[in-house]
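Have a look at the structure that comes next, please.
For clarity, chains are labelled A, B, C and D in written order, and residue numbers in each chain start from 1.
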Amino acid sequence: MSLTGSTSNEGNLSKQGYDMWLSWINDQGGITVGGVKHKVQIKYEDDQSKPDLSAQLMQKLITEEKAQFILGPYGSPATASDAVIAEKNQIPMVEANGAAQAIFNKGYKYTFGVLSPANKYLTGVIDMAATLSPKPTTIAMLSADDNFSVEVAQGVADYAATKGMKVAFDQKYPNGSTDVSSLVAQAKAANPDILMNSGHLAEAIAINKAAKDLGVNAKILAYSVGPSTPQFIKALGKDADYVYDGSQWTPQVKYTPAFYLGEADYVKAYKTMFKTQDDPDYHVAESTAACLALQKAIENAGSLDAQKVRDALAKLDVTTFFGQIKFDSRGLNIYKPMVVEQIQNGQHHTVFPQDVADTKPQYPTPPWAQR
Amino acid sequence: MSLLAQQLVLAILLGGVYVAVAIGFSLVWGILNIINLSHGAFIVVGAYITWTLFGRLGLDPFLSLPIDAAALFALGYLLQRGLINRVIRAPVFFTLLLTFGVNLAIVNLLLAVFTSDFRSVTPPYAGSGIVLGPVVIPSIRLAAFAIALLLAALLSLLMRRTRIGAAIQAVASDRDAAQLVGIDLRHTYALTYGIGAACAGVAGGLLSTVQAISPTAGEPYTLQAFVVVVLGGLGSVTATVVGGLLFGLIEVFGQSAPGLGAGYANAIAFAVLVIVLIVRPQGLLGR
Amino acid sequence: MRSRVLGVVTVAAVALFTLLPLTTTDPARAMGLPALLDRSQLRGLTTISMFVVLTSAWNIIGGLAGYPSFGNVAFFGLGAYATALLTDPDHGHLPLGVGLLASPLVPAVVALVVGFPLLRLRGHYFSIATLGTAIAFGEVINNMDFLGGATGLFPPIIRSDLLFYYLMFGAAALTVGVTWWIMRSRLGHGLVAIRENEEAAAVLGVDTTRYKIIAFVVAAALTGLAGGVFAGWNSFVNRDNVFPVDYSVQMILMAVIGGSGTISGPVVGAVGLEALIQLLAGGSGVYTQILLGVLLAVTVIFLPRGVIDFVIGRSRLTLAHFRRSLRQTSV
Amino acid sequence: MSAPLLALSAVTKRFGGVTALDHVSFDLAEGELVGLIGPNGAGKTTLLNCLSRLYRLDGGSIRFSGMDIAKLGRHEVARLGVGRTFQVVRPFRSMTARENVAIGALFGSDRARLPPREAFRVADEVIDLVGLGGRGHLLVDELTVPDRRHLEVARALATRPRLLLLDEVMAGLNPSEVAEALEVVKRIHASGIAILVIEHVMQVIVGICPRVVVLHFGKVLLEGDPSTVLKDPRVVEAYLGERYARRVRGSRGDG
């Protein structure tokens, strides 16, 4: 888990998600296997956001700490490295933080992702846009050049045409770019209805600033990763309003969980446990969901045997507060929809799909000058 | 056409940021022959000071620039006096390594204190701009640009018109002779490094208003500074200004080069760097 | 006398690291040996061997020839990509052995081509130009769709940890052996002469251009070999894990802390530092990094010729030594 | 008479607007010992750097044993048999004196290029020849200043050159050290190696060089036997002019 280093922020959020489940399950006395309750221990190692170190530590956890099951690390590169370790040791890994789909196209048998895959991240925004009027038709897509972000952008490009929209501008920029203003200027010249970014928090902030500086008055501003975090709002203040993002989960969604907490209780438990005013963001929730999937599979298997639990995971189909968890033959959860969030008056709101939304999208985004 | 004009404006404004980023680096390199790998970390420290003052006291980011400068000057002075002076006569490779170690320590201390969260300073007037037909000149970037040039002018004046500047120049041209006429070498070195760090602090304050910062954000700045200095040439403030503006143009227009695209931004920048190094190692305006 | 001791130590070390892995849990059971190592320790040893390759190979161009390349990670990445491209089922789908053959070749050819312009630069300029070249290579490869683009390549999983340990250890032994051979040959003396004074070397008849290129190419080939083995071992190759600038820096740190320009210095530095990093890993990364920074500063200031100087007794670990060393470099 | 070993014809070198060497022409025969003198800034070291191909010519040509040096790489000049010393010594500091000299024998002219073991044997011989006997194991930093000069000569000698270029190897030495150094030069010459000796102080080489070339402001002022040359008013003026200038500078207090 990346507890320090470049993705330590997300890594720590994911750890919170794991810890949420851990304290809950042990309060229940543990996982029930064949009528016997087993207390659960989670061992963490800090991979410093480095994929190679992650694999090294994963092997250490398996051999020295006798880890029986693996919860995934943060980030697609680390997840890919760890998937290999899981495969070599034939230990099931349930991961919640590496959405790049490529990992699942390699015929690995022991890796399961509870996430909706990367190519779905922003397609929800397109679905939503198609229902709005006036209907937006042109998209400008900016994307960082890491594997996850590229898949997100590819997903949009593939999907937009089916909804009668056109990607008018499509550019990659190097991961970690410090200045994106000229790209935003180019995007502006394409005069898009929708400005999308597939990147990370820093770039989302920089692009939003540049969009305001340059007066890019797209009807929809949507960024893959970033707006769902409290930091995005803190860093941008009122300028964060109206921004959309694709999210794995929001505190407002309403599913009917088969077990564990409902959304409202989950949010409350989170705030109590970590003594915070912030809502849990989706990194927290997805990580808890990974634990739930593993728990259910172990219970279904009625065994702690790695092989049996793997088979139970492959057959799993359960609804949690996080949504449906069911894996296809590749180990990918393609059954759960992504939700679309919008920031309204400094608050996150779920605006799509309608059945889980708590409010309507504020559309179109007013021009910067009129805010 | 309007896109071209808009790109040009952005390129020049971006160039101003690069001038700010590179100017202290250039000074330290030119005078002390140190490639200061902790320069980027200094910039980030400056950015965090501005961010803290803005967040806690509501101080306008541009008003906190002198505080950035003063704090970073003190840090730089002490580092040079206490640490770097001890290896200043060793092969250049060693000062490179030492400053890398300093960088590692600073970045991780920042991580421990501020966590890796991205921060950004967004004053109320952010996003306003001067509109000239289809072209927008963002006012914050324009202000940052003006301050970068002001910083360059001040540094230039300092070097040419003051006793401190004269001492620094003397040390750079002949260490032994400077010592003979009574210049305190250690003090002068530390002053130089401190001034370089102070410039980095100001750059950091400016950057916090246009970009998102985090403790690990410093490395690209060090590299940018290096490229700018190589482009412009070592040894004068003017050369750094020219290098910075030129690099802004290369970044912006290299990205729109047909068949390449922004994904190759770093590759383009470094290709230019290597070509300049090989064709004209002293830089465009270097001696 | 000293050379005999060194010889014994070397043979003993090679024997130990050849035989010890046989006692890893699984093979030990198969062969009826006591299980002294577990898989994660074996993995640790493999990583250490990898850094011995990287550090010793860097030492050939950086330590012997005095051209501190900050871009050697490019060769690691190119080697890894060469092997991965040939073995990935969606691409070459060839056996690992074939893939490994390409891993030193591709970087060597690239080093030959980029070496001519780069090695005309000196000092800082060379360092940064090589760094830039490495970043540029990573970025270009990341944009090449036939190389898997940003997704990367996935060589098939081969489950034997022991195989990859021996491959990596073999690469390490080869690198150290090559260094040993270079240092006793005309090439090695020429390289050191170039490091100490390039013009003086030239007027004594050293073909400086050719020698520098040879050193660069040899370092690239060996580094690439490690990359190739890594690709097969890790079964996943993309820009983020085979072009990390961290590796470039790490090999330099290891070489300098151990003592660059010697045979044993880089080995000692790589083994010591990587072992330390692994011991501290899992603790908080922040403090590990701070410790590394401090360690580096202390080495540079007090032990500019590296730890090995003291290990083999060329200098004595005394206060007087520190003072002298300080006096020589400070103002 | 056979073709000269070294033939300079209209050698010209400019730095920016300054012409450091202006149509310099002279020859040097196999085994000959020639002195090259001239006041400071006359272009002596520049000429040497052109001869060892550290500089490229801006005009004219240098032929060594029939080969045009301009077409060769720096190391190829050395391999043809041109050895040189540097005025400011450039030892390999991490090496011992013996190792320094061995580099010369490992590389050097085609007659050298020995395998390592033999190179070290030759190094020992040469070290004795230049009077460094017994100090071969010392690091360069542990040698005295005159010894470092000797080391510079030994290293060049170990390349087994046909022509040795000595750049002010006696500057800064005291009279007895100069005498010693002169002995070494004579010994080297006696072994059949052609030598071009550069000296600023001409008295030093008058005794050993049958022929001297005087360089002034980048031009050959004149050449001939030392006794004639020394009396020539132009030479006297060249040197006097310098001394006069130096006296003026001295009185301003920044000498």
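The working rule: a contact is a pair of C-beta atoms (placed from the backbone, for glycine too) under 8 Å apart; a residue touches a chain by one contact, two chains touch by 3 or more.
This structure is a prediction, so every number in the text was calculated from the model and none was measured.
S.K.: For chain A and chain D, which third chains touch each of them?
M.R.: The shared contacts of chain A and chain D, listed by label, come to C.
S.K.: Count the C-beta pairs in contact for C-D and for A-C, then report the pair with the higher count.
M.R.: If we tally the contacting C-beta pairs, A-C comes out ahead.
S.K.: Quick one: most central chain, C-alpha centroids?
M.R.: C
S.K.: Measuring between Cα centroids, what's the chain most distant from chain A?
M.R.: D
S.K.: How big is the gap, in whole Å, between where the Cα atoms of chain B centre and where those of chain D centre?
M.R.: 47
S.K.: Could you tell me the distance, in whole angstrom, between the mean C-alpha positions of chain C and chain D?
M.R.: That gives a centre separation of 43 Å.
S.K.: What whole-number Å value describes the gap between the mean CA coordinates of chain A and chain C?
M.R.: 37
S.K.: In angstrom, rounded to a whole number, how far apart do the mean CA points of chain B and chain C lie?
M.R.: A distance of 32 Å separates the two centres.
S.K.: Where in chain B do residues touch two or more of the other chains?
M.R.: Expected reply: 108, 111, 263, 265-266.
S.K.: What are the residues of chain A that contact at least two other chains?
M.R.: Each of 4-5, 145, 172, 174 in chain A touches at least two other chains.
S.K.: Enumerate the residues of chain D that touch no fewer than two other chains.
M.R.: none
S.K.: Indicate which of the five shapes (line, ring, star, complete, other) describes how the chains touch one another.
M.R.: other
S.K.: I'd like to see which chains touch which, written out pair by pair.
M.R.: A-B, A-C, B-C, C-D
S.K.: Where on chain C is chain A touching in the complex?
M.R.: Residue list for chain C touching chain A: 25, 38-41, 43-44, 47, 139, 142-143, 149-152, 154, 157, 159, 161, 234-236, 238-241, 244, 246, 278, 281-286, 288-289.
S.K.: Any idea which chain C residues touch chain B in the complex?
M.R.: Going through chain C, the ones touching chain B are 68, 117-118, 120-121, 123-125, 127-129, 131-133, 135-136, 139-140, 142-143, 245, 249, 252-253, 256, 286-287, 289-290, 292-297, 300-301, 304, 326, 328-331.
S.K.: Spell out the part of chain B that touches chain C in their complex, as residue ranges.
M.R.: 29, 35, 83, 85-90, 92-94, 96-98, 100-105, 107-109, 111-112, 185-186, 189, 219, 223, 226-227, 230, 263-267, 269-271, 273-274, 277-278, 281
S.K.: Would you pull the chain B residues touching chain A in the complex into a rising list?
M.R.: 2-3, 6-7, 10-11, 13-14, 17, 108, 111, 115-120, 122, 126-127, 129, 131, 136, 138, 140-141, 207, 210-212, 214, 216-217, 220-221, 224, 251-252, 255-256, 261-263, 265-266
S.K.: Quick one: which bits of chain A touch chain C in the complex? Just the residue numbers, please.
M.R.: Where chain A meets chain C, its residues are 3-5, 45-48, 50-53, 55-57, 59-64, 77, 80-81, 83-84, 87-89, 100, 102, 106, 108, 145-147, 149-151, 172, 174.
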